[in-house]
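Structures are listed in the sections that come next.
Both of the next two complexes hold chain A, though its partner changes from chain B to chain C.
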Partner chain A sequence: MARRYDSKTTIFSPEGRLYQVEYAMEAIGHAGTCLGILANDGIVLAAERRNTNKLLDDVFLSDKIYKIDEDMACCVAGITSDANVLTNELRAIAQRHTLQFGEPIPCEQLIMRLCDIKQAYTQTGGKRPFGVSILYMGWDNRHGYQLYQSDPSGNYSGWKATCIGNSSAAAVSILKQEYKVGETDLHEALLLALKVMSKTLDMTKLNAEKLELATLVRKDGHTEIIVKPCGRGAEADQGARGAGGGGRSFQAGQVHSQYKQA
Partner chain B sequence: MRKMVFKRILNCRVNVSVVYSPASHREFSHYSLSLSLQLSYTVSRAADMDLQCLIGMKFNDFVLMATDMSQLQRIMVQKSDDDKMYQLSSHLVMAVAGEAGDTTQFAEYIAKNIQLYKMRNGYELSPSAAVHFTRHTLATHLRSREPYTVNLLMGGYDPKTDAAELFYMDFLGASVPVNFYGFGYGGMFTLSITDREYRPDMTEDEAYELMKKCISEVKRRFIVNLPKFRVRLISKDGLKDLPVIVAEGEAA
Partner chain C sequence: MKGKNCVAIACDLRFGVQAQTISTDFKRVFELGPHLYIGLPGLATDTQTVLQRLQFRIKMYEMREGRRLKPHTLMAMMQNLLYERRFGPYFVEPVIAGLDPNTKEPYICALDLIGCACEPADFVVSGTCSESLYGMCETTWQEDMEPEDLFECISQSLVNAFDRDALSGWGAVVHIIEQDKVTTRTLKCRQD
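So, the complex of A and B:
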């Protein structure tokens, strides 16, 4: 380990800005888009997947969306290796809480803990901030369905609908117009997510293989998190149908084509 | 009263496994020299743990807890207005008995941690989560150089689930939910009474009378004099102090 670190990584600029944190957010601005929408009866996360090389072996079903706990999942945008470290830590924090208190960690507490860690990296010498923004979706018995976003600075906030990554500003402005607070149910939220993704990304670029979708709903006293890397061929869609995925829960390819015709 | 003899084996490394029964602090059973570990003093030190009496009973809408008020030092009563119950949160109370010093230290540590959670998050821990946390702390310290020798009864009311809860927890880190329990020698006499008379649908007055019966049985049959008991009730309205019970009647 180098003893002499570059102490310039974590000091303020003359204008009172933290450059390293801003550069990290810049890096995220070039990453694949992630979108989250809070509905009355569930939450939707949609992510643009960038690694669609034919030669890639699909060992992991999903490289953008991770399940953290029984009641929480997250979607990452930015440097994947940084994201792996953070999601690992999120899972450990959640389990440590359950070990101590015997109950699932409330969503905001989990994000607060991780953001404290992220903040430490903006204040210690020789380390760079994590180049990842994370969208969290979760349920707890205190506040119900929740959607949060955290960024490299260690700040977090709760949202009804938001977007991170490439073209996120355009997506957020569309969401502002289209999202109806308190009147959106899960199916509409899915359609809206696809619509926004199509509009902000290049239409020709967007196809079923490039999109990952996840939903979180509460059924019979337990939480159901379905992560669908939709379009991994017909098998995935068949899997959804075979699993009795209910008329309303999405077969994303189907929903997508539905929209295209709309 | 037979004098309790602690076998203090200094400078000797033996693995002592003690089968915990009420009489076990009078004798150590099952020595084995297979491993060299430090001698565990946990049982021998807190001989007066059993002289203290903690009683708890859970009913449909409330929990009733009683603790004796004598602070004992060897053969002397140091004070007779001691409070062995600690309020952990608005709907949770912990009654503690055990080694002098450990009781206060552990109880305050848990109480302040539960308060810290409330300050950090804006809401309180539920009783079952707080009990889980307490048990976890106790069990973690058990196999360290600083074990706490305390027996606890934790009684509370969960406003969210509208349920009264009572938990037994002992110095070895075991914890179970119970309908009623009594710690110590006095508790043994209490259990006989509650086994016979307890009903979960009792009213507050009936429960208080039952507690009086238990305490007068302790006065009748227990060799150590525990004249006064502090009584508290936990319900959805929080904590309520009930009148101190002074046992009447003669010893058997």
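So, the complex of A and C:
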């Protein structure tokens, strides 16, 4: 029944749905999970890394989490090649704003601009939508720490904690119960992220190599974005030890074992 | 100027329109990385614009590549940026000084306003009193100077050259870039 209305993005179905956009979101539902949590003093992004083949060359430390600007980073779920195009565009949008206005782009404006581009692919051009959902974490001097999510339809919303990708519904329901609004600090947010990831991931146990973590904190008037590619040996340990959040040191293995005892 | 495992870059602080001095703290040497500096003497508006456009490109490069820019690559980027405006150029003649992020090799180069670069082994100069600077540097520069001697050399060359030039002066800022630190000193000289 849906067949006649799902081959072109520009056509509504009789029930008022855009099938291509929905199919794009279906594609993302099969992708590696990404989780974001807003804390009082920072933001955490956690991502499930799907490509853990040992033959893979580790040229880039991270394949899910990207730095966009000095004060913003994002985590992608979906078709990787689409994600590369979008993150490139995000970086260019941010730099063009800085060139024109001499200041970093406010988080919401950046996301709004990208979402306008994504929306165009659902209405004109005869091209398919981008099969990527993105979680953004950022800081600006107007609204402080912010967490946003955008999807293939070009819709975006701000969150205190959210999840995209595989098993995202289960993760969101756990977050609803466990996340304490206004009372979570960065260390607790990290623990919560690990807890939710371990409960919703495919694998029976949380392997440090399968997880990517990133934190964003403000220190001394500038933003520190630390992307921790856990499980990649000495670099990961160094990165993990450099975590923010009141000077407490964090190591993936250490936190994981803390959780296990809890 | 190149030294032993270090480089130095210095500029004056005058900003003026021919005879009139508008500002006496106009710096034209900018930091683009921990060990990478560029000097942009010339038309002040182009100094600012070229710097902004360059920072755009450098940001995109460093985020995409996931690593810091090498001095040689900065030169290539500047060449491209300037030649794009071959028939309506930016009136800046940049000077680059830095250490390679991996090998820590000292690097200097100078470009003309449409992107012709040269990478000599000793020193590069640019600005209104460039002829005097060439003369001063030629006599005072020696190979493999330690950072302290390099500071003396570059300071004396710069200050004595621009003291004779009406359009330059009002003090100088000198950066000595070594492997583990960058020392910045402001010199006060003839305030005219």
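The rule we apply is simple: the second predicted complex is superposed on the first by the 238 of 262 C-alpha atoms of A that agree within 3 Å, B and C clash if a C-alpha of one lies under 4 Å from a C-alpha of the other, contacts with A are read in each partner's own complex, and residues count from 1 in each chain.
In the analysis below, a contact is a pair of C-beta atoms (placed from the backbone, for glycine too) under 8 Å apart; a residue touches a chain by one contact, two chains touch by 3 or more.
Just so we're clear, the structure is a prediction, and the values are computed from it rather than from any experiment.
Participant: After lining up the shared chain so the two structures overlap, which partner does A:L55 touch, if you call chain B first and chain C second: first, second, both or neither?
Facilitator: In the superposition, A:L55 touches no partner, neither chain B nor chain C.
Participant: Would you mind checking which one, chain B or chain C, touches more residues on chain A?
Facilitator: C
Participant: Touch test for A:R91: chain B only (first), chain C only (second), both, or neither?
Facilitator: The second partner, chain C, only.
Participant: Answer with first, second, both or neither: which of chain B and chain C does A:K67 touch in the superposed model?
Facilitator: After superposition on chain A, A:K67 lies in contact with chain C alone.
Participant: Looking at the overlay, does A:Q109 come into contact with chain B only (first), chain C only (second), both, or neither?
Facilitator: In the superposed model, A:Q109 contacts chain B only, not chain C.
Participant: By the touch definition at the top of the document, which applies to A:V181: first (chain B), second (chain C), both, or neither?
Facilitator: Neither chain B nor chain C is touched by A:V181.
Participant: A:R142 in the overlay: touching chain B, chain C, both, or neither? Say first, second, both or neither.
Facilitator: After superposing on A, A:R142 lies in contact with chain B but is clear of chain C.
Participant: Which partner does A:L99 contact after superposing on A: first (chain B), second (chain C), both, neither?
Facilitator: Both partners.
Participant: Jot down the residues of chain A that show up as touching in both complexes, chain B in one and chain C in the other.
Facilitator: Shared contact residues on chain A: 99, 102.
Participant: Spell out the part of chain A that touches chain C in their complex, as residue ranges.
Facilitator: That would be residues 60-61, 66-69, 88, 91-92, 95-96, 98-99, 102 of chain A.
Participant: Which residues, counting only chain B, touch chain A once they are in their complex?
Facilitator: 121, 123, 125-126, 128-133, 136, 160
Participant: Under the touch definition given earlier, write down the residues of chain C that touch chain A in their complex.
Facilitator: Per the touch definition, chain C meets chain A at residues 52-53, 55-56, 59-60, 63-64, 66.
Participant: Can you list the residues on chain A that touch chain B in the complex?
Facilitator: It comes out as residues 99-103, 106, 108-109, 141-142.
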